[in-house]
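Both of the next two complexes hold chain A, though its partner changes from chain B to chain C.
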Partner chain A sequence: MATIKGLLKRSPDTPEAPGVHPQALWSFRPRSDREAGDAIVSNLLLHWFPSKVYKPSLDWSYSFWLGTASAALFLLLVVSGLPLLMLYVPSVERAYQSVKDIEYVVTFGWWIRAVHRISAHLMVVAVALHLVRVFLTGAYKNGVGQGQCREWNWVIGVVMLLLTLFLSFTGYLLPWDQLAFWAVTVGTNIASSIPWIGPTVRELLIGGRTIEQATLIRFYVLHCIMLPGALGVLFAYHMWRVRKDGGLAKADHEAVLANQRPVPPVASKTYTLLGVARGTAPTVKVTSVEAPDLTVSAVPDLTRRAAIVVLATFALVSILASAIPSPLEEPANALVTPNPAKAPWYFLWLQEIVTDTTIRIGSFTINGAFLGGVILPGLLITLLTVWPWLDRSSALSTGRWFPKDRRTQNAMFLALVLLVLVFTVIGMFLRGPYWNFYWPWEAWPEIPARI
Partner chain B sequence: MAETPKDSAPKDRREFLWKLGTGAGVVAIAAQTVASLRSLVPNVSYDAPTTVKVGLPDEFPDGLKFLPDERLFVFREGKTFHAISAVCTHLGCTVRAEALSQPEDTTIEGQRLRLTHRFSCPCHGSRYRGDGAAVSGPAPKALAWYHLSVSPDDGQLTVDLAREVGQDFRLTLA
Partner chain C sequence: MEKRTGSPYPKIDRPVLALVGVVLVISTAFFAWSDRQHDYRYYQYQFRQMVAEKFGADLAATTSSGIQQVWVPGLRRADRCTTCHVATNWKGFETAEEPWRTHPVEPLKAHPVETFGCSACHGGQGWAIDTAEAHGEVAHWEEPLLGEGLGESYSLVDNKKALMQMNCNICHRYERETAGADMINHAKKLVQDKGCRACHVVNGRGGTIGPDLTWIGDKAPEQYEYGRLSGQKTAFAWHVAHFKDPRALVQDTVMPNFHFSTRDAQALSMLVLSWKRAEFDVALYPGVARTDPQTAEERKAEEDMRTGPGGWFVQTGCFVCHSISVFGVKSPAQIGPDLSIAVEDVQARFGRTIDDFIREPTGTMSVVLSRQIILTPEQKQVAIEKLRQAFAEYQRLKAEGNAPSLSR
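On to the complex of A and B.
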């Protein structure tokens, strides 16, 4: 009687042949390099990894695995979004009630909503920190490999950060509460402040001249289909590019050092760090960086760590989701603007700069909505996008924390990050009714809720 | 065509058909993209009408009355009315009125005006004087003044939210 195990295993006397796998299933615990490689080749999801990875690039303290955490959060958002998709009603009359039902009536509804909300907040944090890490380690720079174009992967990354923010924005509109209504009002009026085309852009965004049903359905479709779709496609491309560029930038840096010591050539190989590559591998000379003592098999060394990061992310989200209740403000009321009307924390720095940037020169006035809401963020994003082409530091400072010849630009970058944080803190803690400045120990004046 | 060299004819035809095929493909995709995008531009507006009857003049108290649906302040001083928008000129939040402890009289554009209130915006802290002039904060310009009239059929006060007027505008009832 043949057992299942027996069926899956080829009999030992079957001759080994190239391309024939000894087992029908791959293993997470390979007993040989051959089995480790098989896992990569025969698994759809794993096959975007190389079979061998450069060991130091797995260091916790190099990348902090922030990209993996972001991807795990995106996965959680998609999965927790599916039940919400069936419970939420995208209609101005019923949206608020359906979210209220999710929160208070549906069994585990509060939990699913909390997971979705917490993951969204954490994803903004993780993606932003990932960008900071990549900048500080110069990981958008090309190292010593041929055919690398990491700068384009950086551009993709910046676009993905913007998509993440836009997803959050469209997401917190859906409950159609006061926060939602006034956020759309302010957000679309920022678009409207662009000279000439502004009002048309606003009309297109909200599907008319007033914020109504057409607005909600537009943001709903953006939130549930277009933006996640775009993010998913870009994510796949982002991963593929990492692979084509020779893995993490840290490998390039170590490769240069490793090149300086003689290593006997490795006997035979089908896979380089990049997988099958035509001509010269885009990393470095195969002989050095892929020396057996510097590389490990992707299965299990990479997969184990990725699993730890993904599970830790899930655990963190679970703990926070059960500890932090998801707020729901009063139903949207076009008649009363809340006082103060604050944006979510990741947009508070923008709210602060649109407040401070109205410029008056004689009788000529530039609206802060345009300067602070369009021009300044636009400049910041443009600068971020083109930075890899402005960065003139040497290839040796690729994939290293705080290299000497990138000291000035890293300091500049950190100063900008700090500035954004300072504005966020001011908006969060130091602004009260009528957006007036109050120290934390100052009491806010009593203001009637309605007139 | 007997003159055409025999070897170039099929090549020309192949090239022509290739261009025709790709061209047709590009045109088809472009047309469908334009059609899809155009469908998102509304042809009919279901927005609230801009000319609104807001009630009989006698229903308005002396001083200020806030009309939330129209986001409008209507001022009355005896038989004289004027209306100022409550929409902040910075980013469109609804400003709040605050009564002055001591009304002050000024002259604006040759017309006497009694200032009884001032306005503040809860979103970004813009402040306006009682006549709508931007005093501080990010607001780039003054609050709009709208045209008021008396409806000939039922004598209600009617505001035209699409018709901005100067600050010398007053509606005086006989």
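On to the complex of A and C.
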């Protein structure tokens, strides 16, 4: 015990020397700002935080911590995916059975599967909401800091959203039940409606012309290795860019305000390499970035809030996973199409648009798959990607909710989001057999059984 | 040492963090607890008491505990039914309540649980370890337990447990008779007697007027047309209704109404639904027929019909509905009049000569001769000649006083 205490406690004999960290571990309850800053340099996981953060960027009501929640969900997905990786067999003969075993007889198997499933759904929601938040607050715009490149972080964010959707989509197929098989059939058929290259794209995606073993193993490798790997790398880059761009856009906004009032120069130091690179080395006068009355130490104020968000996300997922059973339909059957055959819920707005743009004039049919399934989402993604360069609103509106000069574009954006939501809800709840429209109080035709 | 700059956050954030931590601990405890909630723990405990009471504590200690499984690689099944049905192989609990009842011994002699598992015969979901899931009373499970309850919901005539015989017949399909499968045996006899093979291929033999029925049990329930079926929307209910009155379900069908009784229709429905593919190891059932050959007599009777003087009618397909008794051709369905006296009969029914009628048929025959049996003018001429020969033969036999009795 004495040795552990010795490790944790600073011995009175230890001389305080600059650059020397007398403690082996960091402190959750730093007694000085120096000790608080030390945590950032002495801990691998904490090193991506700045030592000081602007108070407003910790606000619950600014960011809603959606990025942190998304990252927590991603972590949960990786962790819950590992045991599933050992229990699941990616073969068309045994996949379904192995999922049944996970569901019925593996200790905590049903819960691990439910955690994985619920986290996946929530992650799509959280990442999408994060994107909506960043758009509405104009946080993809560069504020007043130097060397900011927020528009590229936005582009990376859009790519990460697409990766999240694709991760979820590839996971859909793995149980090899009817839901999986037909959701993937609908999804890949939309891809095949691209003129000229469509069939090739579909063939590349599913490893053949029918959804078979080749598709399963392809989706499995994508789902377990390539996509999470790519997402992990992009996540690291995304975080690094956030640091490099001076933290949350809200902090920029505050910095501008801070600059407008006289702040007495304080001798301060920076604990970050960035600071040194930018010339804010020790003894340099600080005006805004670390104004003491506007900032708090990242450890423990930021880390505590991050812990709250991460643990709350875990708790929410755990409770939902215990309460909501994960469905498993009949084994995949290429000969029987469930009616209706629905895409995963986050693609239902596309499926709905595909149906609505499919026009029948007599016996002549104009298929909406290309317009609704390719052109429209393609256009939306392109618009999202290039929007930071089209946006002409003032840098002062960066990092604020509902600024005046972003009113029009925010309204347009919200209208689009609302449209997507409406189509999703219609597709989820109001579409029955043959994609016919049913009000919630209207009963669907009975689904026949064998016996 | 520099002082720590004050922060407004810990005051609220610390209790919030503590609260979140407590919620997380509670949720963890909740799922760990719910993972342990299985009825089998109670059933196994209860059975241990029953054995202790009846046979003493020593034997009670040998009762199974925890999840049990019969793994049958040859049938690709892992059945966990014995987790709850603890008494399956125990003697002395024949009259106990389920799930503590001993399994009847007779069927287990040829089908030991260790080799065949449970669900291959009983249906249900062998993977599951909770009642509703295991008995298949859950969404997305297509093979419910073929037990008494299900039999009652179909108002099975006599034996309410008969649905299980469908599963007997998955392995025993090529046998003419299987011990213990009375409904299936009855249905197989009907298939022979009514001559289903006149129109349908079954096991590779039969006519092509109707659909091939060899694997009809694999047809998915979604692929049936239920528009005109009232009551339960299941493949089984569809077949029962269809056997009773084909035209009531499929308006333009040419399948005749055989006026089957409810028992006949239920037996036949079980039989056809049992005609499905199943993967199993043939080593599991030595001595059971694996093909469906005709007997020598059947082969001879068919050969005689095809090569005899009425062979043309057999090959053309007329015999499906019509017997030509004078030529020894017996129709399996017998829904049309005997063609031995067609020359006279057509005149009496339609007021037209046979030549005229065959060239320009009316009524049912106009449909049959334009859809099922399409004849060239030359073939029609052959038909007229053959019918005249038949009639001449009939008159000859009649003069001798040997005229066969004809179905009209």
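The working rule: the second predicted complex is superposed on the first by the 409 of 451 C-alpha atoms of A that agree within 3 Å, B and C clash if a C-alpha of one lies under 4 Å from a C-alpha of the other, contacts with A are read in each partner's own complex, and residues count from 1 in each chain.
One rule holds in what follows: contacts are C-beta pairs under 8 Å (C-beta built on N, C-alpha and C of every residue); 3 or more make two chains touch, one makes a residue touch a chain.
No experiment lies behind these values; they were computed from the predicted model shown.
Look at A:L335: by the touch rule set out above, it reaches both chain B and chain C. Judged by the touch definition given at the top, the superposed model places A:F402 against neither chain B nor chain C.
Ranking chain B and chain C by residues of chain A touched puts C first. Of the two partner chains, chain C is the only one touched by A:K100; chain B is not.
In the superposition on chain A, A:A369 makes contact with chain B only, not with chain C.
Of the two partner chains, neither chain B nor chain C is touched by A:W240. When the two structures are aligned on the shared chain, A:F429 is found in touch with neither chain B nor chain C. Within the superposed three-chain model, A:T355 lies in touch with chain B and out of touch with chain C [touch as defined at top]. In the overlay built on the shared chain, the residue A:T185 is in contact with chain B alone; chain C does not reach it.
Residue overlap on chain A between its contacts with chain B in one complex and with chain C in the other: 335-339, 451. Chain contact summary for the complex, chain A toward chain B: residues 182, 185-186, 189-190, 193, 203-204, 207-210, 212, 214, 218, 335-341, 351, 354-358, 365-369, 372-373, 433-436, 451.
Against chain A, the residues of chain B that register as touching in their complex are 40-42, 45-48, 66, 68-69, 71, 89-94, 96-97, 120-125, 127, 137-141. The touching residues of chain C, counted against chain A in their complex, run 1-5, 7-10, 13-14, 16-17, 20-21, 23-24, 27-28, 30-32, 34-35, 67, 69, 78, 80, 127-130, 133, 139-144, 146, 150, 163, 220-224, 226, 233-236, 238, 273. For chain A in complex with chain C, the touching residues are 16, 30-36, 55, 58, 97, 100-101, 104-105, 107-108, 110-111, 177-178, 292, 296-297, 300-301, 304-305, 307-308, 311-312, 314-315, 318-319, 321-322, 327-330, 333, 335-339, 446-451.
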